[in-house]
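Below, each structure is written out as structure tokens.
Two complexes, one shared chain (subunit A), two partners (subunit B, subunit C).
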Partner chain A sequence: MKINTHHLDDLALGSVFLATGGGGDPHIQQLITHQALKQYGPVDVIDPQSLPDDAYVVTVGCVGAPTVSLELLPSVDEAAQTLEAFEDHVGRTVDAVASFEIGGGNSMIPLVAAVGRGLPVIDGDGMGRALPEAQMMSYPIGGVRPTPAVAYDYAGNFATFSTDTTETYERHIRSFAMAAGGMVMTAEHPMTGRQLKDTVIPGTLSFTIELGRVIRENRGQADTLLEPLQEVFAPSIYGEVRQLFIGKVIDKATRIIGGYDIGEATIEAFDGEGPNLALNIKNEFLLAKLGGRVVASVPDLIVIVDYETSTPINAERLRYGHRVAVFAIGCPNFYRSEAALKVVAPRCFGFDIDYVPLEKLS
Partner chain B sequence: MKINTHHLDDLALGSVFLATGGGGDPHIQQLITHQALKQYGPVDVIDPQSLPDDAYVVTVGCVGAPTVSLELLPSVDEAAQTLEAFEDHVGRTVDAVASFEIGGGNSMIPLVAAVGRGLPVIDGDGMGRALPEAQMMSYPIGGVRPTPAVAYDYAGNFATFSTDTTETYERHIRSFAMAAGGMVMTAEHPMTGRQLKDTVIPGTLSFTIELGRVIRENRGQADTLLEPLQEVFAPSIYGEVRQLFIGKVIDKATRIIGGYDIGEATIEAFDGEGPNLALNIKNEFLLAKLGGRVVASVPDLIVIVDYETSTPINAERLRYGHRVAVFAIGCPNFYRSEAALKVVAPRCFGFDIDYVPLEKLS
Partner chain C sequence: MRIGIDVGGTHTDAVILNGDEIVASIKALTSADVVGGITAALDTILADSGVQHSEIDTVMIGTTQFTNAIVERRELSSVAAIRIGLPSGRGMPPMVDWPEDLATALGRHTYQLHGGYLYDGFKLANLRDDEIEAAITDIAAKGIKDIAIASAFSPMNSAPEKDVGARIKAAIPDARITLSYNFGRLGLMERENAAILNTSLLSFADRVVSSFLEALAKRGLKCPVYISQNDGTLMSADFVRTYPALTFASGPTNSLRGACKLTGLQDAIVVDIGGTTSDIGVLQDGFPRESNVVVNIGGVRTNFRMPDILAIGLGGGSLVSTDGKTVGPQSVGHKLVTEGLVFGGKTLTTTDILVASGKAELGDKTAVADLGQDLVRTAQATIHRMLDQNIEMMKPGGKALPVILVGGGAVLVTDGLKAASKLYIPENAGVANAIGAAIAQIGGESERLVSYRDMTRDAAIAKVTAEATERAVNAGADRHTIRAVDIEETPIPYMDEASTRVRVKVIGDIATGSKLQKAAS
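And then the complex of A and B:
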């Protein structure tokens, strides 16, 4: 398929849904992507399986505090410059660009990086959602090395990195982003076509546009949203969708700890009857408990939408008094493997519980 | 001249003196340098003026918290690997290696980097003492750009940087050092022979060995040290030496703020008579006041030696009850220029006073 400017509203809407509360507001990225596609035309989106095994693919996206992008406005050229700096650094050209995470603005940055060069973008990403750290991407979980990598800041300063593990790389790139004002653009986790096919969460770019379309066409009170969501998710890599709760936010408190937005929210039924739903937040919504009983947990997706309009709500925008519906969606199977759960299970976020897939929770 | 293993005790002793309380204990660097010189033979030390204008020189040294080097033991190979990584990065070989600062362990790292390759080391450095930040080096003050630069951590991870200003580079490299465990080895501020000749503080490597010899030969009570110090400093680029005070430390308090050791020390005369000497510390001894009157300030050198043995004392080793002698030495003329005082005057360290050269203070 090709992505053009007409797809961007749906892509943005779907990507905020899959960001599960994190990933930042993609509004600025959408504006930039719109301008780039208007200037250069549509982008080819290719099935990962169509890539030759020896193709060379790199991921491009933003690293840092999402809210900073509202101040350090990225330019249209930044993503392309980052890709060029990467090619200079490794001394070869890339054949396609892939996404870190489909949740939030990083769903769109690869389009901006690729379009001016006529490169295709991979239909897929490294998370199938948003997650806070680089080592939680499917690429490193599947053995892709993080570097060579390059990072560009808003002022045109850049750095390159060479490390063995994505855990170490995450520490280096995070500190560079902080020193550079809070956010940088990076090209990293380069891989062969074979590696990409083995590790990518497939089809998520086209799926997210479809998801956005469904949400858009079902705008209105969220208690009618479950069925259309189930229709779009059931045949996908995600599968299960559940409506966890409908009610009103009666408490929300987050604090910035170590660069993350960490805290809790509590939602009460409109009639005040029955147990409340409690949510744990670390950038994303990670754990949902109904009267103390776990009803969904990371790596499965927990999504909050505005009750009146069905618009997905970021964690930083959730407020006392907000009337909301809460959904849970099963994560792609990749994230239920032993290797993936080593880095994304609830314990990796400090919750002392084992992961139980959504379908097995009552 | 050539530096061999027999020079290292004097070089270490002189470099701690010129570190003016900062720069870290060079003991580990001395052991590594000893091993490298034993393995590869002596290092050629060359007069900067003998370099062709189109020669290519790079500075090599450690960046980070000095005390960390006692845990993250650097290996003999690290400095040479950093130099090699730099050459790979820029795609050319270097003709000579220069030092960031002659104060502390960075007086010796260039020897280790150069000796295995048979490269010469410049007789000179970028500070003539120790100072806490990269932009305080004479090279950037004289217009040398900080990058291309490479940084290596203890585990073999490395990064490269490209920035316009040394202030920005300082922020990037400092954050990388922190993320990499507290200390990294870098090759940075590459320059031509012409640039080096215009900006280096000349002769400081051979001078420091001579200074170390003088201190060693005059070990013993520090009240006999002034005359030999004056003899060695008078004909040098430093000039003036004064004995500011002899007494006992009656108060010392430093706190780590923003990666720096910041605080004060107070010294009282042995007989308790007369005003006390108060010292302000930010890694280095920066300001000395006698009864509230400034008697020496950065960029001039303030040095504390043990009263009984004349051994120079680092700020982190200064203790309550310590019997000490305090000396002040005029800084090289380079640091009295307008361009230099913009980045090293007392106000740059938060002291609300103008710089007055040591000789003009009564």
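And then the complex of A and C:
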């Protein structure tokens, strides 16, 4: 498969849906990708299974505060330069580029890096959604080390990293990003073809484009969205889709703690009848309770769309009075493994409950 | 006395207010020549009411003219768009995501220069003399006079925009320049787009304002003239020569503000029922609740704030199905007076249902005498249910709120609304927009990214409020009446815990005897 400029609207729409409330508005990432594909032509997408075991793959994306990139715009050549700086640093060439996170703008930055260097991009990512912390990526969960890594700023300054754990790497890179204007591009979590095949959430790049197409073709009131969503998710690595609630936001309070947007939202049925839906937020929507009963929890996906248009809404923009529909989607099986639940189970976010897969909840 | 005029797509409404009292009101069809239409409305209302020209203190106008110019791609000037932000944003020039026809209409003359600031006040890059000179030389060679300038983080530090603007003004003395920081709000591309759209309208705005002031002068009207902005506040006519883009979407805002004035309610749902749609909006503290989605004008993303309006396909001309269970969204619109059953036409509309129910006398009621009782009752129930459900969705929280009905179609509501804690259909509801224009005050807004570590919260809010106040005074407000109506603090994820975006909006009364008023009179 090749991704061209005409795929980008659907990719952006699908990626906002899978961002489960996080990730910000990917408009600028979409624009930069559009410019890069216009300049260099379409980018090749390859199935992870087609890679030789000894191939060398690196993930590329933006790290920092999305709000900052509203003023400090990325450059078309920046992602490829980040990759070049990485190759110089490690003293070898890269065979393919992968994404950290399919949810949000980092679904697209790998395309910019790959096409600028004439490389293919992997059909897959490290989350299958959006999650707030780097150690929650499937790559480190599967034993891939974060470094050697390179972070590259808007002016071409760069830093190299060598750290033990992804948690430490995340702290270091965030301080560098803050010192470099709030947003940097990184090449990190390098791995072999074998490691990639063992840890990647496969097929998510092509799936996100397909998902975006389905949402686009079913624009309009969200009460007719469930069936098309079930059709597209059922045969995928995700599976179950449920419509949790339709109503309006009657309360939303979040505040920044440790750099994360943390808080709660409450949604009430339009007619005010029946129990409310309560949502817990840490950048993403993580836990949904209907009248105190858990109806979906991380690592399963919780997605909110605008009731009138079916456009996915991110947590930062969700506000009092918003009319919405809430969906839950089962996560890929990788995230239900013991190793993954050690870092992404509800308790890892401070919720005192065990994880129960969506389809086992009544 | 004040005159308020609202120029809509189909109707131009005018009212004369004496203090709070409505002295006269008229509704006329909007003419193709908008200035001609406004002056005609003015002449009619003055003649009808017998009010003397000398008794008029101010004229307030709400107009969609500048929005329409953008949407229809007419009357637009060539614009040089300068972005200061290199080395960031290479390969992402201004207007990169614009519709091709609009970018072509403006000429796509874009320049990217080094300079600007980072979020923490650190310099992004230094301005470079050679780059500035090269841009000026090119602009001068192309004969472009309308120039938009935007730099990274200019709402926090506007020095690069001002420096480059001054250099251009020195080299091209008759240049008309828009600096993006005047459009507040973070989001470089959206702010830049607002500045470019504004710049493309400067020459047109100059002509419109001049011809309008001339027309008033000819009638011996020496009072100042104000134009409505999208946030329900006013700017002096001369200010419009510099900021025409601030008039975008003032129509729905004026209707909400008018409903507020007619009822005295500060918190309410306002339903403006026209011929084709019902526009539902929310009044909070007397001002429209704003929408929080990116506002698209003529295909361009901008950072303008617009009222949050839910439009549904229900109006006085909406088609009714033969079982009465479906109403709208198709409508005969302004052809109601020929196509509706009671007017001798063949189409069953909501107005025919109203007449058949016996709740209104309109046209020929024998034309609807054959409609079955069941059909009439079902259709009425459908109309009320549509309104109830949609009003319910606009209500903040479970809060019981009164509903104000305005617009010509308000008569369709015959049986009350369950969604309303109390229902108001004020007298003069048909000209609510013109009233909204007539009562508007003057506002100002400012926004900054601050760290509560460097500055206390109170000091930060005071600083942003002071900036907003200066803007309001410049726009013609009386400094002593200015008060903050909205303070918004948004913490920034993934940054220092104390990083917050602070936005303040202030409003005040029109300054009497101000410099601007003297200039206008």
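In this section, the second predicted complex is superposed on the first by the 362 of 362 C-alpha atoms of A that agree within 3 Å, B and C clash if a C-alpha of one lies under 4 Å from a C-alpha of the other, contacts with A are read in each partner's own complex, and residues count from 1 in each chain.
Keep this in mind: contacts are C-beta pairs under 8 Å (C-beta built on N, C-alpha and C of every residue); 3 or more make two chains touch, one makes a residue touch a chain.
Keep in mind that what you see is a predicted model, and the values were worked out from it rather than measured.
When the two complexes are overlaid on their common chain A, residue A:255 makes contact with subunit C while staying clear of subunit B. By the touch criterion defined above, A:321 reaches subunit C but does not reach subunit B. In the overlay built on the shared chain, the residue A:176 is in contact with subunit B alone; subunit C does not reach it.
Using the contact criterion defined above for the overlaid structures, shared-chain residue A:162 touches subunit B, although it does not reach subunit C. One of subunit B and subunit C touches more residues of subunit A, and that partner is C. When the two complexes are superposed on chain A, the residues of subunit A that touch both subunit B and subunit C are 155-156, 174, 178.
Contact residues of subunit B toward subunit A in the complex are 155-164, 168, 171-172, 174-176, 178-180. Of all residues in subunit C, only 85, 87-92, 96-97, 118-120, 122, 124-125, 152-153, 186-189, 282, 289, 292-294, 301, 308, 310, 389, 392-398, 491-497, 499, 501 touch subunit A in the complex they form. Partner subunit C is touched in their complex by these residues of subunit A: 25, 27-28, 31-32, 34-36, 39, 64-68, 70-78, 154-156, 174, 178, 181-182, 248, 250-251, 254-261, 268, 270-272, 283, 307-308, 316-317, 319-321, 323.
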